[in-house]
Structure formats: structure tokens, C-alpha cells
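Pasting the structures in now, so scroll down.
Each of the next two complexes has subunit A plus one more chain, namely subunit B in the first and subunit C in the second.
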Partner chain A sequence: MSKLTRIFASVLGVPEERVTPELSPENESAWDSLNAIILVTEIENAYAIRFTYDEAMGVKNFGDAMKLVESKGGNPNA
Partner chain B sequence: MPESASYRFDDAQEGQAASFEAEISKQSVTAFAALSGDHSPIHTDEVYASGTSFGGTVPHGMIAGALFSRLVGMHLPGRYCLYISQTLQFHRPLPFGGVRVKGIVTAKSEATRTLRISTSVEDAEGTVFVRGEAIVRMFQ
Partner chain C sequence: MTPLSCLELAARFESLSESDLPKSASISLVTNFTDTILQKFLIGLSLSHGIYPKLRPAPYKQYHFDLAGHGGGDITYVVFDLNPYVTSEFVSDPAHVEEVLAGLRELAERSSGPIVVATLPSHPSGAYGQLLSDDPAVRAARAFNEGLDALASRRKNVIVFDMERLFQRFGEHSGRDLRSLYAFDVPYTNDLTFALAKELLGYLFALSGMSKKCIVLDLDNTLWGGIVGEAGAGGIALGPGYPGYAYENFQDALKRCLERGILLAIASKNNPADVDEVFEKNPHMRLAKEDFGAIRINWEPKSGNITEIAKELNIGLDSMVFLDDDAASREEVKAMLPEVFVPDMPSQPEEYARHLFDHLYLFTQLRLTAEDKEKGKMYGQERARRTVIASDPAGYLDKLGVEVRISHNEPSQLSRLSQLSQKTNQFNLTTRRYSEAELEGMAESGAHIFGVDVRDKFGNYGLVLLAIAKPRSKKEVELDTFLMSCRVFSRGAEYAVINHVLEKLRAAGYATVMARSIETAKNRPSREFLPRAGFQKVGEEDATTTYRLELSTYAKKKTPELSEALSHLTVHV
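Then we have the complex of A and B:
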């Protein structure tokens, strides 16, 4: 499992198998506004990257998070 | 009423630190027991606690949580923040007497307007009793 998957599983308290590109606030109630903030800060810390407000708000599901990390030079599959 | 610090998000920097001294007294424990409803004899009953490995009553570990609340609300960053989360690791029982409460900003997120603050309760020699990490959101 990738580091990004482990972050989502840990913050949202869901099994790693649950973390698929389609995982989103619409289908996972634990992805609330508080955990959304914690997810962004955990990802920034883990990959030593920084997002803008608009970039963070553009993440609508796990697949978007993978693309965003990749666009910043991180490897979402590692 | 004491004046709280008033750092805004743009003022905050990684590495920024603050600390203060606090006194943990028997009265602190009595007040915390009344507030929390935790009247466990390890905190409140000298006769009982003297028969344990601690040799006497020990303060509630969660008093450290209250001290961290004071840290972020009054010292770092102060009035313009909202607590988002706080982790706590209890390394050893809090002592009665003077302690130093420390905080240092370890990360600043523009995307979420949050600060991560490493927090600790230590003695004068730097022995850590409780360590944790706060995340606060800045609304100014």
C-alpha cells in the first residue's frame, strides 16, 4: 500500500482496501470538513510539499489527491 | 484578564516558539477533578495512592491538555486560532510543582491556513512528561 493510501486510511479510520480513486466525501462520512483539513496537512508533511487553497479545494476524491501529489513531484504510488 | 497573543497567519513562521511556566498544585487537581468528574483515588486519595507504585497521588495527565489549550489560546498563536486537533503522549506522570509548557511551530499550511505546533510539558531540566502535536486553524 502506498504512503498516500496509508494516510487516508489512518485519518479517516477506514481499511486500506477502502481507499480507492473513487473514495470521496460523498461516499465516506468520515471525510468531513475537519478530516479534510487534517488530510491536507498530513499529505503536505509526508511529501514535504505545499498546496494552495484552490488546489486543496479542488480535491474531490482520492484520485484527485493522487494527481495533485504527482503534480507536485511526489509519487502517490510509493 | 490576561491578554492573549495576537499572531495572525501571516505572522506565523516555522520555528516560532513560545513557552510559559505553570504550577500544578493540589488545588489544580481538586479543580480538575471537579471539572472533569474524574475523582479516581490515584489523583485524589493520599491514603490509597500511597499504597501504589507512585507512592502518593499524581496529577491527572489531562491537565497537560488544559495547559496546551492555554499555550495555543494565550501564547502561540493566541486569539486568532481555533483548535483543530491535539495529540497527547504521556511519557511519565506529571509532577506537583512547577513545569514549563513549550510550543514550536513545525509546519504552516497555506492551503488550510493551519499551523502544526509541537507541544510539551517539561521540568526545568528538560525532562518531558507529556508531548503532543496541536493543529490550529487561523481565522485571521
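Then we have the complex of A and C:
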């Protein structure tokens, strides 16, 4: 399990298989506004990167999170 | 536990019910910010310690309408944030601090459970620069903290939590997340919030008797650098220079934990003789062998050794924390003894002491008594004594260096002597219970009350013997009470004391001492004492045996038991 998958699975309390690029607040009720903040800050901690507010709010699904991490020099599959 | 694994546990909370966990606790939370992340951490940490949390958070920003109405339950946590980046009522409204303090006072009066209130930490910077006393925010924080201290000194259920110390651990820049503050009114980073949740929960542990009591330590690369079996007692890294200085100071940090009452123990895979050599010969050891309440040095799995240590110290496995640099040993203990708390260890020894301090929330105590402070030492003293006694059953007395201090009619001792008369069952000739006032009255009416302090080179037992002699006539005196705490059995102290008592009575002009031994279900250990000390049996009726001793003959001929005991003891009068 990649670090990124682990963060989503842990914070949202969903099984690893649930964490696909399509996972989003629309199809996962645990992804509420509180968990959105926690996800952002835990991703930042895990990869030692920092997002702007707009970048963080632009994450609409797990695929977006992968792309964002990659754009900051992190490896979302590691 | 990492913040992430804590959040993972918290995510499972909704699928659990109260009956799934061994304990539950109702927790009130009052803050002036969005505390949902703090709640999540409190939930995850509670679950990880086997507590089902019934969390009652005050609604967002509602605290000032009815602070007292939002507290209560097993414990209440109150955390207010005051920072220079957001305008706060604490600063804008001069009456706010007083209102909040009044609310806390009301809460403290209404609530029986403890109320843990965080202080307002000082700011790293602000518009007033260094003109601190002109800064309204600084003034508000000072007023609040002073008022809180005053409240805590009057109301024992108010506990001050020093938020400043927690903030210092992180620093403003890694403790505060301004993006989260402005976007969501979340003032702290997740790491600080997680640490805050741990510290707060420590008070719940203390309240529920769940605080840890003992640190079990590995030796090689934990208390010193290197492997003593290979490097030798002088070759391990300990003392000046890196990394020896780090290990030395880690030991010093542990020593301070011991001094506040945390027990220490050793579970190490080594040859005992190699370790003994370190204790005896390495001048940089800050911890002595006597500092450890239990020691297991062998090649057996550590889980078994830790189980034995728990038995020896008479504490539960769930009150132990195990520190070992070796991941395999940690995993073995975690797998075999899930009750034992096994934190990861930092990879570098310079982090050990800080790591230890970061985990002291597990040992939280609501207050510290003088007895608590002595506890850690007494276990070690007792263990050291047992080792000496076991190694030389015939000659241990000389090695213990027992000293007996006998006082006569000393008013300051009467409270403790009364307690002794009420608690002592085994070595107690007559089992007469006396209050402090009764002892006082006896002393005034001419009785001789001897209080005896016993110590040896391992430590002080305190007052553990009591003898009372009551005059029956000008020439005759009765030994009304003679008792000794079981903690000092087999030291010969009772013979040294009776000898002194008899000498003193003879010097006072008495000729005869009468004594009784009244049999109870428990006082078998004292039954042979009087004849062995030289008393003659003169009568027996039911459970009472009467004895008599002529002081003139006693002085000329002492029993072998008496002479033997006196040769191994030092008596101070």
C-alpha cells in the first residue's frame, strides 16, 4: 500500500480497495470537510510538501491527490 | 502510535459500542476553536488505551454563554487559544477573562470530576514587539493564567495544564498552521493537536488508575552504547563525548523519573557478571543497581522476564512501559504481552531523554505525595537487600550494616507509633491498639515509650519498633507492648531494643520486669521472643503466658540470642 493510499484508507476508515483514483466526496460520505482538512495536512506531513489553499481545495478525488503530490516532487505510488 | 494510526482507530469508532471496550469515560470538551480534529485524536487515543470515550464537546464557540453548562462527566478539558493572528474576545473585551474565570469557578463548584484547564501560552511575536506589558493580548494571557492558578489553589478539582510547555516542544512555526487557522479556525498543526490529546488523556489515566508505574529497560544501546559482552565494562559508550554523554544523560533523566516515584526495572540479554562489572566499575553510570526494583538479566525471551518483573513488583502488566532499542525485542514483547506499552525508540541516543519526557503523559499523577517519591527507591533497596541475604544466609547481617536508633518518650513520634500499634499483627506480644492521645496520656502518667528507627546501608525503614513499659510499683514494671513491623524481621533489632529497654529500666531503679504474651491467630512470630531474650515463664492462662525477669541477674548473664544479635548491630540512643 502506498503512503498516499494508507492516508486515505486510515483517515476515511475505508478498506484499501476503496481507494481508487475515482474515490471522491461524492461517492464516500466519510470524505467530509473535516476529513478533507485532515487528509491535506497528513499528506503534507508524509511527503514533507506544502500545498496552497487553492491547490488543496482543488482536490476533488483521489486521482487529483496523486497528481498534486507528483507535481510537488512526491511519489504517490511509493 | 502515529497521528495517522490514531486517526485510523478513530475512524472505526462509530462501528464500536461501549461494551466492546473494558472501560468507558465521559469526557467534556470546551474550546474556543474548531476542535473536531482534537476530538478525533482524543477518540483514537482513548480507544487505543481500552477506553470507550463518551465525548461531549461544547458546540462551536458557545462556551461563553454557559461555560459551566458544558462541563462535567468523568473529566472536563478546557482549552482556549489566544494568538496574535486572530482578534479574540480575550483581547477585545476587557471583561472576558473575568467572565471566563467566573464560569470556570462555577463549573468547579458544580462538578465533582476534575477540570483540566490549559493555560494561555505567551506569543512569539505580536504588534507590540517587545513592549510586552503594553500588549493587551499578553496582559489578557497573564490575567487568565494568574486567575487560573488562584482558582486551582482553592479548588482541588481544577488542574492547570501548562500549554506553554507543549507549545515550546513544537515552536510557533511547527505548532501553528495559519492556513488552517484562517480557513477552518483550527489553530494547531495535527502534530501539536495529537500531542495535546495525549497530554490531556494522561489526566484521565491518572483518574482511572490507568497511569503507568514502571519503566522496564534494556541495557546494551539503551542505557549505554555498544554491547557490554563484547566491549567490556570500560569499553561501552558512556560518559564524556558522543555518544556516551547522551547515554549518561538518558540515565540521569531516568534517575529523575525514579525520584518522582516511577519504578525502574531491567530486562536484558546479557551475562549477569558483565553487567555487574559495569555497575561496580564504570564511573559514568548514573543509575546504580539499587535504583532498579527488579532485574532480569538472562538469555530468555523478554516477555517472560517482564511477566516475572510484574509479579515481583506486584504491579499489573498494563502499568509497564518497555524501552528497548532492538526492534525484534520490542515486537516479541508487543506480540506476547499486548498490555505492556512498547513505544518505538529513536534511532539515535541523543533523542532518548526527549523521547522519554514526551511519553511521561502515560505516568500522569494528579498530585505527588512524599510517599510516592520514596516508592521508587524502596523497591530497589528491598531488592538489593534480598540479593545480599540470598547470597549469604549466615553472614548477611554484617553486610546489611543494620543500625537501630532508640528514642524515649519522643512526642513527635507518637502519631506514627500509634499507627504502628494499629497495623502490626505478626510480631506483637499483646496486640494492644493505642491512639495517639492514649500514648500521650501514658507518657504523662509515667510510662516509658520507646520508638525505634531502623536503617541499614541500603536505606531507612523509619519507625518500625515500639516498646511500652508501665510501672506497677517502685520496683516492678510491666512490658505492656512490644511490637515490630514485619519489614525488619530477621535483623536482630528486637533483641537490641529489649536489651536497651531493660538496661534503661534497671538504671531507673526497677528490679523486676513482668511481661505477657497474648496469643492471637496472627502473632506466632513473637511467641518465642520473651524466653529467648531471657524472661522466665511464670504462668499460663488461656491465651496469655506470663513472664518475669530479674534485672539484677539479667545484667550478668545474657542469652545467646541476645549476644549474637548485639554483635551485628549498631545501636544509637
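By definition in this document, the second predicted complex is superposed on the first by the 78 of 78 C-alpha atoms of A that agree within 3 Å, B and C clash if a C-alpha of one lies under 4 Å from a C-alpha of the other, contacts with A are read in each partner's own complex, and residues count from 1 in each chain.
The rule is short, and it goes like this: contacts are C-beta pairs under 8 Å (C-beta built on N, C-alpha and C of every residue); 3 or more make two chains touch, one makes a residue touch a chain.
Fair warning: this is a prediction, and the values are worked out from it, not measured in the lab.
Peer 1: Of subunit B and subunit C, which one contacts the greater number of residues in subunit A?
Peer 2: C
Peer 1: Quick check on the superposed pair: does A:7 touch subunit B, subunit C, both, or neither? Answer first, second, both or neither.
Peer 2: Only subunit C; A:7 stays clear of subunit B.
Peer 1: Determine, under the contact definition given at the top, whether A:60 touches first (subunit B), second (subunit C), both, or neither.
Peer 2: neither
Peer 1: Which partner does A:30 reach: the first (subunit B), the second (subunit C), both, or neither?
Peer 2: second
Peer 1: Once the complexes are superposed, what residues of subunit A are shared between the subunit B interface and the subunit C interface?
Peer 2: Shared contact residues on subunit A (touching subunit B in one complex, subunit C in the other): 34, 37-38, 41, 45, 53.
Peer 1: Which residues of subunit A touch subunit C in their complex?
Peer 2: By the definition above, subunit A touches subunit C via 6-7, 9-13, 30, 33-34, 37-38, 41-42, 45-46, 53.
Peer 1: Residues of subunit C touching subunit A in their complex?
Peer 2: Going by the criterion above, the answer is residues 3-5, 7-8, 10-12, 36-37, 40, 177, 179-180, 183-184, 186, 189-191.
Peer 1: What residues on subunit A touch subunit B, complex-wise?
Peer 2: That would be residues 34, 37-38, 40-41, 44-45, 50-53, 55-56 of subunit A.
Peer 1: Okay, in this complex, where on subunit B does subunit A touch?
Peer 2: Residue positions touching the partner: 84-85, 107, 109-114, 116, 135, 137.
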